[in-house]
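Take a look at the structures listed below.
What follows is a pair of complexes built around subunit A, which joins subunit B in one and subunit C in the other.
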Partner chain A sequence: MRKLIPLLLIMIFTPLKESKAYPQFIGHGYPSCLNCHYNPMGNGPLTDYGRAVGATGIASRMFYPSSWSEEKIGDSSGFLFRKPKQEVARTQLNYRGLQMVQAFGTSNAKSSWINMQGSGQLILKFLNDDRLIMVGEIGYNPPSPQARAANQNQKILRSREHYVGYRFNPEFGVYAGFMDKAYGIRVAEHIALSRVYTDNTQNDQTHGVMIHGLAGGFEGALHAFFGSMFQSADIRQKGVSLQLEREVNNDHRIGFSFLNSKNDYIGVTSYGAHSRISLNDGSALMFEFGQNHRNAKSGSGSRISRYGLLQTFSKATQGLYLIANIDYGKTDLSQESSVLRWGPGIQFFPIQKVELRADLYNSRVFNENSTSLDSWMLLLQTHIWL
Partner chain B sequence: MISKIRHRSLHLALLGVMIPVIIFAFGSCANYNSNTFDATAYLDTFGDPNDPNFAASFKIIEEKCSWCHYHKGQYPSLITSQRWVESGQVVPGSPQTSPLFLKLKNPSGGGGNMPQDLPPLSSTEYSTIQSWIQNIPGS
Partner chain C sequence: MKKILKISTIFAFGMLLIATNSFALEKRSKRKPKGKPEVLAPYTGPGAELYQQYPKEMRVLRYAVSNSREVQSNKFSKQFQNALFNSYVAQADRILNTRDYRSLSPRDREEAQFSKSALEKLELEEDRVDELSDRVRGHLTRLESRVFRIRRRVSLELISWQSEATLVGPFENTGLLTTNLGFCPGFGVSYENRFWALSADFNGIYGTGGVSAVQGLVTYQQSNVPAFGAKMAFGAAKVVASSGSELGIRGSVLFIKQNLTEPPTSGYSIEQDKALTATLSLFSRWRLGRYYFQTDFGRHIGRSATIYSFGLGYIL
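Right, the complex of A and B next:
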């Protein structure tokens, strides 16, 4: 346990965001990820439709001449602003950079720039309605927390995902390859405690087979995985996960997730419940809470953790969202200490393919008889995709 | 156009080619993730009781080396002396011919270049690793 604390602390206090799936777009009438993303659970490259939605429905219009039709804007949403001339291949480039100001507002403020994501995505698609797809994403590998702590860069590429997908029909598909595990709400904040405690951070893709389906007001995915084959066999986490959402109505989904896996050292079980609610045109509220059990096979380190996440996205005007974020975690239920991180943010899509985001985070660690001093962190993120 | 072709056999042939490519592609990619240090985090005793020098050396290596050397089959998974020997990094009983030891910066100057770009191990750490390799059982 003691060995894990520094690692956890680094992860907890480094709120990087990388993924691109925005589950809050339920507020725009897109409750499912499937329409806009090739990966039915979200994240990864956007479909042609998703790119057009981003250009016309999400991003601001303020920089376009008012004479431009929706169709004209949508047509420019392809790679390098061009409409693709063939149906088989798609390419995308993604970049995210982050200006991080720690101890914001104090004389010890420390600012640093982090290149969070630089990746190239290739999609090959065949058959009508893109029923057979092959998706690969190769990207810059952010250094491990230890390397970052020691100011060492390990500039290595890594696969972000690569898989084959086949949809028998719009309601049912099978996906095989290297993907994120199906679990919980895939929020953009990959260091949200709901992602960290359950081993679903930006580097936790696994090889496996996932089935995804929609039926009778339910949408869900069942994922059988055998760990990352890039790792040695003893540490690969092998197991299953399930994410199931029920559509209460068009504006409201409730969901349940379960994950059970093990390697040579520990068994992991996670379960959680979540909800995504469309508040009104473009605004959304989401929350998730759950627990994670770690059972060390021999030796110490077993524990039960608990997490909670609440986010609201309020659309101020087209392209502009105000965010409120609350992230809670208790790493070990048998200990007193817990972490609360919360803060406001602004997300702005000035034109298509550009996202700017500013978040202020207040973190506190609560112990039995003490509370850590307030610490504020400012994150300014630039995200560009072509 | 390919999108017009609906033959089932073509689907199968495409899948047959694509699945292996997908699963085995990118073998040289970075692989750090949340499980990387599970062995250190969840095992209290490493190796076997006849090999008392191992645990101390493993801790040093874990702290000073593993965060650069965590690729497939690499340091975090070498949790017994046996595995180090099999990896070819260590020659039992012979630090002077063990690649791992030869690569270490000598705390009193000279030697190899590890840990890269960082100060050498302390002389205690250096001699702990030396005596571990020297005394691996069966050597």
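Right, the complex of A and C next:
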């Protein structure tokens, strides 16, 4: 722990310069992702409004002259800090890098830098109130450790998403193309077991059609998909997913998700309940709990997994959030072992377009028949977008 | 390990309960209280004389303010209106010069609020009344936020800890590690204001754990070994949100008794760590109305093992 403190201080005081709209921003009074993202289920490029909120309401003001008004800061939230001069096209660039220290705090500690994300986004907007949008994102695809070890060639660039969306009215829209599946809470941590078990990690986008609606305190999306066309036909997961949330007391959301899909080898069914609770002043508590069933046609590989996620975010001051992250998973209910990954973290937006984050993870395996030492991992993340 | 699944399920329902209950609580708080109306203590502060000098006017204004009715200012004499304004200025002045929130009675605060509302109804000196009332509100909020209160609470947490032991053999010793999981019911007291909180917590602990090790030809394995104990924790925290969420550090003293069975093979024995340990941890409480969610993440002092807990609590 003593070794961690200087690292956290460096993270806090490194003079870098906002923010992605995350689901925990319900604590800022933004229960719906639609306010800040072109994709109504979150993730992907930010709208002009989302960028301005990030610059003025989320990021710290410590590096701005006190003479800068909120409006001036908001005007500088566009691409390359400029106010857009036209209404049709928007571009964004995104980079996310990670310093990962495995076995942190031990003599076997191993540190490595991972370029997790490097992408360019183009958004075309037409009609009044941007009712028709076209979104494309080309991103760097870091080779997997397995591919690297086997010296395999892996495509360096890939489409992260490309879709067309049309909103008939503010309450109802249809989106078609390549995008993330509508399921659960879309937390930023793609290693969260709620995302890993349900096949909703950073490379699990799918081609399909999604309808999104808001009515009577409900918000939800129904997504019919037919797999990634970049994969061979036999492994494409075709199916349907649903995510539905109910607004409770204007501030909180409770919801559930369902997903059913199959390819030539395996059928997958996932379901879960979740809750996003606003604690006011930018603080929030999020919870998700669910199960995943895998039915392999060959028989081997069939299993039922269970996951749980609990995240608390506390706004210490503007731009700085303190995090507690609890991630639970049992890969196979028929087996003894389960894992609980737990850790504190700091998320800091020192200036608009920059996010720094430090997370310490302690992983503990529970198994009545064997014991093992906890493993520790430190993740230092830098996220910049222009 | 089926237990952890049951615990997680209970926990899941707990979280949903918190969200829905807070909704119900807020709804309830918006309802008008039933029963007899509150009887206020006799008022003796600035403006008290108005009740003797202008009983009819004060009655009409009281009715209009409490029932949100409009009044016609031309039906009130200029003399009365000036007296009402002057009494509000005196009430505000008294509040603004107060340094201790408790030196103001609820009646003092209520009377100033009534005077302000009455002046708004009469549309008298609107700008000055607004400016004064903003200052009064801000000052009262600041004073109230500094007041320390005692809160009592009960909680139920899921706790996990690792404990160490040694398998002593005729030729070598082998370290044993027990990973435990259990429940931690308890109660606590906080002395807190809007900025800081000092707390003391007392918990019982019940859990089970498994252990295994191989030494030469001997395999030592035990599962579901029961552990009983108690925890006493003292903490200091910074309140980080208006909802009352806290982040802080605390020191705990734990007494946990867990008896590992001696190996049947002669020449082998078990040496367990002391039952009494101290821990230092980071803790957080996330409040939602009277409910809160709590996390605690720490390490045993002088040992490498980690202990953590999280769970739900209720403020009494």
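We adopt the following convention: the second predicted complex is superposed on the first by the 355 of 386 C-alpha atoms of A that agree within 3 Å, B and C clash if a C-alpha of one lies under 4 Å from a C-alpha of the other, contacts with A are read in each partner's own complex, and residues count from 1 in each chain.
FYI, a contact is a pair of C-beta atoms (placed from the backbone, for glycine too) under 8 Å apart; a residue touches a chain by one contact, two chains touch by 3 or more.
Since we're looking at a predicted model, the values are computed, not measured.
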*Fit or clash for subunit B plus subunit C once both are placed on subunit A?*
fit
_Touch test for A:Asn362: subunit B only (first), subunit C only (second), both, or neither?_
second
*For A:Met229, decide between first (touching subunit B), second (touching subunit C), both and neither.*
first
*Who does A:Asp374 touch here: subunit B (first), subunit C (second), both, or neither?*
second
*Report for A:Phe258: first if it touches subunit B alone, second if subunit C alone, otherwise both or neither.*
neither
*Examine A:Asp204 and indicate which partner it touches, taking first as subunit B and second as subunit C; both and neither are also allowed.*
first
*subunit B versus subunit C as contact partner of A:Tyr49, first or second or both or neither*: neither
*asked:* Considering the aligned complexes, could you tell me the closest Cα pair distance between subunit B and subunit C in angstrom?
replied: 25
_By the touch definition above, which subunit A residues appear in both interfaces, subunit B in one complex and subunit C in the other?_
none
*Along subunit A, where are the residues that touch subunit B in the complex?*
3-4, 7, 87-88, 126-128, 132, 134, 136, 138, 141, 144, 146-147, 150, 152, 154, 156-159, 162-164, 166, 176-178, 196, 199, 201, 203-205, 207, 227-232, 234-237, 263-266, 294, 296-301
*asked:* Under the definition above, what is the set of subunit C residues touching subunit A in their complex?
replied: 1, 4-5, 8-9, 11-12, 15-16, 18-20, 22-23, 26-27, 160, 162, 176-179, 181, 209-212, 221, 223-224, 240-243, 245, 247, 282, 284, 286-288, 293, 295, 297, 299, 306, 308, 310
_Quick check on the complex: what are the subunit A residues that touch subunit C?_
1, 248-249, 252, 254, 273, 275, 277, 279-283, 285, 287, 289, 306, 308, 310, 312, 314-316, 322, 324, 326, 328, 330, 333, 336-338, 340, 342-344, 362, 364-374
*In the complex of these two chains, what residues of subunit B are touching subunit A?*
1-3, 5-6, 11, 14-15, 18-19, 22-27, 29-45, 67-68, 70-74, 76-77, 79, 117-118
